[in-house]
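The chains carry the letters A, B, C and D, assigned in the order they are written, with residues numbered from 1 in each.
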Amino acid sequence: MTDTTTTPAYSETPEEREFELRASIGSYWTGGRLFIGMFTFLLASEAFAYFYLRSSNSGQLWRPRNVTAPTGIGWSIYAVVLVSSVLVIYGQWRMRRGSVIDWEVAGWTAVLGGLVALGLQIWQLTQLPFYPGSSGYASCFIGWAVMNIMMLFGATFWIETVLARSLRLRKVAADDGPVQLGGSPQAQIFRANVSACTYFWGFVAVASTLFWVMFYLI
Amino acid sequence: MTDTAPTPSAHQPAGPPSAEPRHFWRMFAIWIVLSAILDPLFYFLVGPHVPPGTMTSSAAENQLDFNILFVIALPVILAVWVYLGYSIIMWRASRKDAPEPVGGEAARTNLRVQTAWITVTSVIVLFLAGFGTYELIQNYGAGGGQGPNPIWKPTASHILPVQVIGQQWKFTYRYPTYGGFETQQLILPADTTIAFHVTSLDVIHSFWAYQLSIKADANPQVDNVAYTTTRQLGRFTVRCSELCGLWHGAMYNFGQVVPKAQFDSWARQTELTTAANTRLLPPFAWTYVPDANGAGGGYYNNTVDPYSPSEVYGARQPAS
Amino acid sequence: MTISAERESEVAYPDPTPPHAGGIQGWTSRPGWLSQHLGTAIVGAVAGYLIGHWLGNVIASGYNYVANSGVNAIANTGGLLLGALGWLIGIGALNYPLAKMVGMEPAPEQETTSWTRYFRYTADHKVVGLQYVIGVLLFLFTGGLLAMAIRTELLSPTSHVFGPGTYISIVSEHGTMMMMMATSAVVGPLGNWLVPIMIGARRTAFPRIEAFSFWIFSAGYLVILTALPYGGFPTGWTGYAPLQTQASGGMMSYLVGFALIGSGMMAAGFNLAVTIVNYRAPGMTWSRVPIFVWSILATCALLTLATPTLVAAGLFGILDHTAQTAFYVNEHGGSSYLWENLFWFFGHPEVYIMALPGFGIVGEILPVFTRKPLFAYKVAAAGMVGVALLSFFVWQHHLFQSGINPDMRPLFMLTTELISIPTGFIFLVGMGTLYKAKIRFEVPMLFALALFFNFLIGGVTGVFLSDVPVNVTVHGGFFVLSHFHYTIMGGLIFALFGGLYFWLPKMTGKTMNKKLGQIHFWMMFIFFNLTFFPMFIIGLLGQPRRVFEYQQNLQALNDFSSVSAFILGSSFLVFIANFAWSIFIKPTPAPPNPWNSLGLEWQTASPVPYYNFERIPVVLTDPYRYGEEGAPPVADLGEELVGAGAGPRAGTSTGETSATSAE
Amino acid sequence: MSFGGRLSTFLVLLAVAVGAAVYAVVTFLTPNPQVVDFTGAQAVGAPVDLTVQTVGAIGFGKHPTWVSYLVKDPGGQWIHSTVWKVPAHTRINVTVEQYDSGSPLRNQQWGLVQGTTGGTASLNGTTFSVYNSYDANGVGHTFAIPTIGLNVPLVGVDPNATNTCGAAPCTTNYVHNVMRFSFTSPGPGEYPWQCFVPCGLGFLYGNGGPMSTINYMGGFLDVAA
């Protein structure tokens, strides 16, 4: 019943190291896009529910009296998410041009924005002017709110981990320049991660826009 | 792994090419003989007894459809079976005269075989899809539920509408042309085109009149229409074929196709005997919304403003 | 990939640090009884369940309908969700995500040979694969026992062993468990274990996501089991709403369980898809990728893209039960068709999630035991991709009689029948490979051939089902039941067992007993057909699915089917005995390449080292060059040319037959 | 680990698995209600008296808030069971003490008395053949055996009465209706009976919970030869 451990019989040639590095960067690239694909299908299901119930309008109860979820909170959530996304994308653009600190500030602001949006979204659920089962719109809205919480949580968590790692990497790779710009394997993988994360925030902005239109405008 | 592993001896004395049996033609011969025997056997001996029989137009057409499909499918199955059987017998490693298999490009691809395979399967499949569509349309939906807006409607001048109401766990039937009486028996006239309007008062059921070859899901608030024309007299079974809860398995009853005159007298008599109850029933409608209390069963909080179904339906509103 | 086939001269590179953990403070899990393992996971699950249940009761304390019904779906859901969360915390799945928030990276996992690694959250895909083997078999046998219960009840048309409620619960539980299991049956055990090795990778892209997929899969197993103490659920595995919304008790186990399993499916598919795309060894071009990897890639595409729809549908169901939304309730602005559409939009790709890996396994087994190259490899790969694509466009064939727009029916009849063209490619491949072959009837080969027999029946009856006029009679009856058992059990499960007999020697280093394997096969094959073939007739004669009462005149057929089912069930006892005896109790060491295969997975050392390959192999050719003179070995492993000339004829050119042959 | 160790480990695991399966079957899969036997209580061919009560909330057991049937066994004890064994082809005289309040029917069709001897039933001594469920207190339950076409609406009591019965078994001191009817038992077999009133309060369409669980609002008439 004793645990026996041995040193890993593992070694790498420089070529293999290069291979692993490329595979790793590629994985972030593929994984980031596949993740967006998964979320697309998740949200598409919500959109399908919305349009399906809207068109079938069972019992004339799609949206009686045209009730709308609290618009003030809704517009605020959308604005905060949009600003955060733009900041993340702009931050990455600045980072590529060498302004690491811009990226970090933009990123941490986006984390804050994500948290605020999350809080608003949860608060909005307590302020609904309708009963959840009162109409198709009401049901769909709650479905969207839950998915939005999942999506915002994911996006905020991701950008936070990237920023946290950047702080920690700062000490490690100093001689190579800031990790956001350096050529070390860690830096390259790090940037792949940032890139995937930025893409996801762009996706969040697009999705938020679509659902904002669906729930507050039309 | 002792007796069956390939022998490493590489130099098989390859026989003259003519000694190699013509495997393809052999298989083809076996296949064509089997198909030529079994297909007619099925079509003429089994075919006429294939469910759902010939009690209605949809049943007869669907039986024909099944038989055509089977006659096409059987040779396909036989082809694969003959091939598998032949290979297993002829090309087993334990056979003494088995030559070493040859690898290389020739064993990897064969454009002719691949093209032929894809062509044949595509032709079969497209034919079947076309044939199925033809049967579906010329048979007015083949007895399946067409939803509230059927697009293939029978052209008969007289169509008897029968409403089928599913509820947990019993089908009941309303005859709108006879004052809208409701009954637990499904009696139908012979040689008449019938439009089943299937709906539900609660969960999804499926109205399956087996011998009539009618199947239509009963959805709440949906009028699902299916057509058929009765041809023969007799009893038939009605079962629920969509899981609907505890007594799903007990949700069946038997109906009957009777001569027109007999049906008419039965319907008029039942209309009279159930008149007291018919007055209490909601006016005939294609779908029903049971009153607010019953609809939600107390599950949804009906008192919370601004929601109450009664605002939309009116209290105890039965029809839509 | 730029590594050339020419290697640098072999130099020892003593640096043991993996590439991307350099220097940062790492998070690592340490072995030992005080660390995290199955035991702490159980503790976490129990604690999470209790907390969640208590919390749910607090939240719902003021709800009228809860007081009325005496059933609190919120407490059930809370308990199950937090229970699953506790399970994940307990096993250590959340350690890294939390460490990540403060910027830590995972330190390289310490290699361990201790048996305790099978009870831990581990980044070793081989360990995860074997965990999946046990998990999937446990899942399968639990569902199988429930099938025995179903057949017991159906021995008599009118008198009952179980009550109708219990019977429907058993049916629902059986269907749900089997479907959950089947989605991961091959991807989990064989996909995780084999794919990295088959593509010459030393690791998977996201090893912790991979481990997460297993542990959430096992949480799903536990959650779906809780349906029984909760009183079961009456909806079958399809969970049709609004019956779903009406049901209580075990319904939440179904919804939460499917959401968990769905997350696991997405995680597993995500990791493997990314691995296949990025970690293929140098030289492993798309035309050299083993067919099994193709099948897993197609499956992973479906897993990652179709499953989110299931999760969304389940989320709506959970909301209907807890927040009292009305997604599926027509009277409140929802629609009963919404669930049917969402569920089958996932459900039909899921069917191919279950079929494709089976084709892949068979595609690997056939060349080895025919000593011939895989016939029409490109057609096979194209067929798998084609099936995956088309499977998104067929879902409404489950709704032919439901009252959908009638003009949809010819369209979906067409797409459904079209999908049989790429599905048929597997027969082209199989039959072409058998042509003038030299067939060795080892146990895996028997299972592979059985797949062709069974799947042919399953596939052809699928064409019947897709034909709307015939569908009127066979929809919702035993005919369709038999059809999908022929495809899933006759296809996937046969392939799974074939794959286990084939690869377990490599995976465990132990040899399965051949005699017992043959007994298992013949029992399973014969009685599988005797069990399910009569059901086609039973279905045509008018027996709907999921009924506890049926016509008197069908008793003989049903009894025949039941008795066959009992023997079919007992065939798995033979497997269990064989598995336990040969792998665990009295292991016989297996040779490194007992079947004399050319596949890359057989060329690495046995037992497979922690990092799979001492050097990342350089792939030289595809692994099917049997019977070819002068064929190169599948890969340059950087040590020696292993596997050269495993084909019998190749001996003449290399002067030596495979040294790894068991003879 | 030694051979013996591995063998015994396997056997222990196997025993645990078998034990778990047996436990699950015994605990969760076969909780069939107790069968109340009326076959031996009287002379062959003599009518069988079946007395049942319906109560709005059973008050005990796993689901105390659920509506349920109780049956008086031949010894005069109230038993919580819905599986009743009666002789075949025999007149069954049913007395229902109805303690539950009512509501409109989902389908008024079930206000029709069907399949009883004479096609009627009596409410507190008054014979009727159709009951309007929109009247007065509505219908509390129906006693229906669909496969033999039997259906009797059980009229609900006044929900505002001061002496409504809260927990089973109820005594006649509480507000109640007495329904009487007779029917002839069919040939041997198990005949499911159920209720067609959405009385599973708190469940969608009122048909979940007690309506979907044996031993509450549904059961079997177990007809012996």
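Here is the rule we use: a residue touches a chain if its C-beta (ideal position, glycine included) is under 8 Å from a C-beta of that chain, and two chains touch if they have at least 3 such contacts.
A quick note: this is a predicted structure, and the numbers were derived from the prediction, not measured.
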- Task: Considering only mean CA positions as chain centres, point out the chain farthest from chain A.
- Result: D
- Query: Pick the pair with more C-beta contacts: B-C or A-C?
  - Reply: B-C
- Message: Please tell me the distance, in whole Å, between the geometric centres of chain A and chain C computed from their C-alpha atoms.
- Response: 29
- Message: Counting only Cα atoms for the centres, state how far chain C is from chain D in Å.
- Response: 43
- Note on the structure: Here the gap between chain A and chain D, centre to centre from mean Cα coordinates and rounded to Å, is 54
- Message: Using the touch definition from the top, which residues of chain A touch two or more other chains?
- Response: 58-59, 61, 131, 133-135
- Which parts of chain C, given as residue numbers and ranges, touch two or more other chains? 64-65, 68-69, 164-165, 234, 242, 245-247, 324, 326, 329-332, 337
- Message: If I count partner chains per residue in chain B, which residues reach a count of at least 2?
- Response: 202-203, 221, 245-247, 250, 289, 295-301, 309
- Checked against the stated definition, the touching pairs are A-B, A-C, B-C, B-D, C-D
- Note on the structure: Residue positions on chain D within touch of chain C in the complex are 3, 6-7, 10, 14, 21, 24-25, 27-33, 63-66, 189-190, 192, 200-205, 207-209, 212-214, 220
- Query: Once bound in the complex, which stretches of chain B touch chain D?
  - Reply: 165, 167-170, 172, 182, 184, 201-203, 245-247, 250-251, 253, 274, 276-277, 280-282, 290-291, 293-300, 316
- Which residues of chain B touch chain C in their complex? 1-2, 4-11, 23, 50-52, 58, 61-62, 65-66, 69-70, 73, 76-77, 80-81, 83-84, 87-88, 91-93, 98-104, 107-110, 113-114, 117-118, 121-122, 125-126, 128-129, 132-133, 135-137, 139, 141-152, 198, 202-204, 206, 208, 210, 213-217, 219-222, 224, 237, 239-250, 289, 295-301, 309
- Message: Under the definition above, what is the set of chain A residues touching chain C in their complex?
- Response: 2-24, 26-27, 30-31, 34-35, 37-39, 41-42, 44-46, 48-49, 52-53, 56-59, 61-63, 131-140, 142-143, 146-147, 157, 160-161, 164-169, 172, 185-186, 189
- Note on the structure: Counting only contacts in the complex, chain D reaches chain B at residues 103-109, 111-112, 114, 129-130, 132-134, 144, 146-147, 149, 192, 194, 196, 198, 200-208, 211-214, 218
